[in-house]
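Next, two complexes with subunit A in common: one pairs it with subunit B, the other with subunit C.
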Partner chain A sequence: MKEGQDEPKTLAEIAATEQANSDVWDLRLYVAGRTPKSVAAFENLQRLCEEHLAGKYRIEVVDLMVHPQLARGDQIVAIPTLVRKLPEPIRKVIGDLSNVERTLVGLQLRPAKP
Partner chain B sequence: MISEQSLDQLQRENQQLRARLEETEDTIRALRAGEVDAVLVGSGCERVFTLETADKPYRLLVDEMPVSAATLTERGEIIHCNRRFASLLQLSQEEVAGRSITSFVAHDCRRLIERMLATGRTRPAECELSLRRADGAPITAYLSIAPRHEGALGECLVVTDLTERRRYEELRRTQEALTVAQARLELAQEAGAIGIFEWNVRTGEVWWSRTAERLYGMPASGFDGSFDAWRRTLHPDDRERTEAEYVRAVEEHRELGTEFRIIRPDGQTRWINAKGTVIVDSAGEPLRLLGVNTDITDQKAAHAERERLFAMERAARAEAERAVQARDKVLAFVAHDLRNPLIGIEMSASTMSSGGTEELRAQCLHMIQRCTGEMRRLIGDLLDVARIEYGRFSILATPLDTRGMLMEVAEAFQPRLAAKGLRLVQEVPASVPPVYVDRGRVMQLLANLLDNALKFTPAGGVIRLGVSSTENFVEIAVTDSGPGLAAADLPYIFERFWKAEPASRAGAGLGLAICKGIVEAHGGEIRAENAPSGGATIRFTLPVARG
Partner chain C sequence: MARAGRVENTAATQLPKAPTGVGGLDEITGGGLPRGRPTLVCGSAGCGKTLLAMEFLVRGAMQFGEPGVFMAFEETSEELGQNVRSLGFDLEELARANKLLVDHVHIERSEIEETGEYDLEGLFIRLGHAIDSIGAKRVALDTLETLFGGLDNAAVLRSELRRLFRWLKDREVTAVITAERGDGTLTRQGLEEYVSDCVIVLDHRVVDQLSTRRLRIVKYRGTTHGTNEYPFLIDEQGISVLPITSAGLKHEASRERISTGVERLDAMLGGEGVYRGSSVLVSGTAGTGKTSLASHFADAACRRGERCLYLAYEESQHQLARNMRSIGLDLTPWIERGLLHFHASRPTAHGLEVHLASIHKLVNELDPQVVIVDPITSFTGAGSPAEAEAMLMRLIDFLKGRGITAMLTSLTHGDDPREHSQVGISSLIDTWILLRDIELGGERNRGLYVLKSRGMAHSNQIREFLLTAQGVELRDVYIGPEGVLTGSMRVAQEARERAAAVGRRQEIERRQREVERKREALESQVAAMRAQFQAEEQELLTMIDAERSADAEVLQQRAEMARSRHADEGTGAPRAAGARTRGKAGAKGDHP
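Presenting the complex of A and B:
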């Protein structure tokens, strides 16, 4: 996770890739520098993706310390926040993703308990 | 009436609202669960507010507390360490973060730390091991790990540097030992009245202990620390010698050992003993003279007193020995002197008992009378000496004409003088005053002295009788023309049982002792000397009779 290395893409570009890889999970993690929760969220997300979405996911990390204006698009309030851009509809999971069960439900990788 | 289109739209809106609600609920939940550590604030959400700022006081506390602490992942990687922890390892906090704690542990302690990390996952673990600083120096440390608890980022590690603590403890022990040693030294100085000095020969400065100042009779801090100030305390007669001895000790790198006198501010003179040793630098050049002073005045006085007593004792012993020898000698003389007349008596008695002519019997009778007279005189002398000795010698004084007294004695001696061909020359001034004396005793005195002079003067010699007078005393001198007295004998001749050798042995040597007793009983003085002509002179004084 190095801010500046993965330049955040514009909405137009994202839309373009959406078309190209419809079966790819496009995930965006909003962080604020290297706060402990941000670090934890990134680690948890990576582990979770490797386990459940191996080979068909892409994580984009947006550092709001560097680009706070990028929060507006997804209406981010709390950090860290994970946004599932694709597949639609857009889903958000707030927090450090330490609760795996809740995260899986939030990403609709597992049905919610009745 | 709701159209299908509007129903569709309503459902969509409903769905969106539900999603928004879920999102809001999830945000609140995440905030409550502490899964969030930053929020976006401002109308356009344009400012990020991290909770890092909020926990700054805690962060500061952890960073600055005087305990080395760090958080570890389960694998032992350091997530965060405080400033103290980093400085213990001589690294920055950034350099430490991310590295494994194991990498800071000495090789032989690696298994220990691994076992501890394993235990630390579930329950608190502690152990003492050796850490390695960035420069390779070992640190003996005490490590304790608290297991990660719900919601915590990692395991908590606390490190106590035992090296520092041990060094501190050692320092404290050393300081305690020093204090004790100092106290002991001071006590010893006080008890032994020992003053310590240190003379820096390069700067000329002199350091004195408190006891040294007391030794020199100065108040505390009364010594100004200069060599000259010490020099001035020295007794003028000892100053140059003592200073030279100090300087020589330094120049020749010799042990100092000397004694000298000082004059204290109150004028008291004291004897000081100084011992010292020269301290040299690496090049062998003298740096300091370090030494001790002790007050030996009392020792000196005691030594002198002991010497005096020894001398007195030696003299008394010699005196006693001589007295014993003299008594032994006189006993032999007395026995001999008494036996001579006794033999005469026995022989006369024997001759008379066997008959014989009238003339012979008369001769024998005369002999017996002469012998008994001699024995009576001898026994009388012994008794006189005993009386003088025990202070029971008394006189009965009356005024007596000096000239008449001397004429009478001279007449009495005339036959004996004539028999030996001696001449008695009297030098008596006409103006000589009368004396106040015991007639019998003074006649005995003069007879004794003339008797002696007669014995020591060879045939044809002269005996002089000189008289002079002062206001209170008449002095009479009897001079013979004999061999005189040995100088060594002069002080003893008036002691009882003394007799000049090798004069012809006659009398038990009591005569002069009796003479002295008689003169002193009259309040006069008697002394012996050798006359310029070579003979011996005995002079004595007798009191002048008052109107």
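Presenting the complex of A and C:
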């Protein structure tokens, strides 16, 4: 699961895993080519997940340079954008995820500070 | 580009342009929006930005063979589709034909957290993908500023928008970007700084509860453009901008003359009536017979077999037809034969632009030779006087441009109708007929005169205007030392004149008789004197005779006496002879 970036996944597989484990965090990171920002975002995301969601997360990286048609579905405007598909509701965190605190708030792993 | 070349063939040095297909807009922009460049359309909410952007794309796709991408930041494609369906635009069908692609960009603020650096590459990719997928030549972004509400980092947004405009230029798409009007600035986020090629401002003002939309080109680099505020309207055909000056002063001047329907009025207008294609203004206070005159005009047109459009803003068709029957004018057959078309509406039902547009539409549909607007003054109720004037100028211009003879009635107030008439439009009017009240001797009568009539020798006289059961009649008015007399005053004056004439005649006769009498008197006097003289003469002669005979008697008696005395003949004779001589001389002296 850790090396999800390059691991091809079929929809059936995803669905099967989701059914098997509803606790799993399904995260999708939208990038546009290998820019410093997207690389930083992916690294930050991996680190954060290992720390807070060890063993129950899945990261899918979508490169819009390759699949531009996918941008519409998740209403992607900014790059990079991290989309929490599961658990619902959908949450989005945009930026390179360098601010761990805000990323955790964005993913609702930590309540927003008053 | 070939199309742009055609549009611009008169001004090759100008920018290539992409025709919008929006009525009137291409005229004031000199051919359309700058091709391959972004155009900013800004305005407050509800002023028609989205529609303008959409119409640009739809017309581009349908009329100019240029597919377009509509990137909607505010509405979903379904909503957009519904909104423009009433204008006859079927977005779904255009989408199926790959001529139009609507992409709804939605940023839900509540589900987004920002952390660290980002850019809007996602938006670029989406737009680029959409453009590529249908080969779009046109792009609309509506309303880009919504991004500022969805994302926090304004600095990033600004630099990214700058990049976006650059990118749009590089892609060589003709883009329309809409933006909200800011407080004191053209756009809330200062987008006008980034779009330097063409900026159009839309405005939607409500004055006296009536709304008017206006369009103005603030900037159009590299081209000449109209700088005025142009009213525009949105109806079933979409947007139409109404450039005031579009008609220009190029209309052909016809030499043909047509009757006004009132014989005597034709006679006043150089004997032949008004020129075809000219504009006739009939102004007067309430109840001076403007509508009656207009109806005659309509009737005359229909009699010639022409089509007439009667725009009634005060009376309904049936009311007007009924009222005109009372002056012996039956308009119903013309209506039935389709020659006379009534369009009755309340002036306050729409704003001026909608009125103007509906007139444009009716004229285009009916193609009439004669148009009557009764009355034009009601438009001031649907806008400020200045706006109404501007609208009327455009209307008259439009009708003249089409060679349509127009009769406009104008309701005036007060004593002098000229003061209150539409001064602004009077310069556009060719023939101005004034109807006025003449109040005299406890009654009100109507007077008519021709204030001006271009290009003909017209009468300068006032005529009394009568509404009879046989229609309008014009009569000479009595003009005497007491001024203009009409109605019963005129009749009374005429009677007085007749009486005076009779009196004068009688006086002459009397004088003549007197002369006669005097002559008779004189003659009788002369006769009497002569009679007296004759009488005296007779008497004198008698006396003379008597004396003479007495004289003779004396002589005879003397002779007798002498004879009887046997006196010496010799002695006696000379004495007798002397006496006779004396007697003769005496008789001579008495009887000249």
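Everything below uses one rule, namely that the second predicted complex is superposed on the first by the 94 of 114 C-alpha atoms of A that agree within 3 Å, B and C clash if a C-alpha of one lies under 4 Å from a C-alpha of the other, contacts with A are read in each partner's own complex, and residues count from 1 in each chain.
Just so we're on the same page, a residue touches a chain if its C-beta (ideal position, glycine included) is under 8 Å from a C-beta of that chain, and two chains touch if they have at least 3 such contacts.
Since the structure is predicted, the reported quantities are computational estimates derived from the model, not experimental observations.
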> Which partner does A:T103 reach: the first (subunit B), the second (subunit C), both, or neither?
Replying inline: second
> So, does A:Q69 touch the first partner subunit B, the second partner subunit C, both, or neither?
Replying inline: both
> Who does A:P80 touch here: subunit B (first), subunit C (second), both, or neither?
Replying inline: both
>> With the touch criterion stated at the top, can you tell me which subunit A residues are shared between the subunit B interface and the subunit C interface?
In response: 32, 37, 40, 64-65, 68-69, 71-72, 75-80, 89, 92-99, 106
> Along subunit C, where are the residues that touch subunit A in the complex?
Replying inline: 103, 105-108, 111-123, 125-126, 128-129, 147, 150-151
>> List the residues on subunit A that touch subunit C in their complex, please.
In response: 30, 32, 37, 40-41, 44, 64-65, 68-69, 71-72, 75-81, 89-99, 102-103, 105-107
>> Touching residues of subunit A toward subunit B in the complex: what are they?
In response: 32-33, 35-38, 40, 64-65, 68-69, 71-72, 75-80, 89, 92-99, 106
> subunit A touches which residues of subunit B in the complex?
Replying inline: 19, 23, 26-27, 29-31, 33, 35-40, 44-48, 50-52, 153
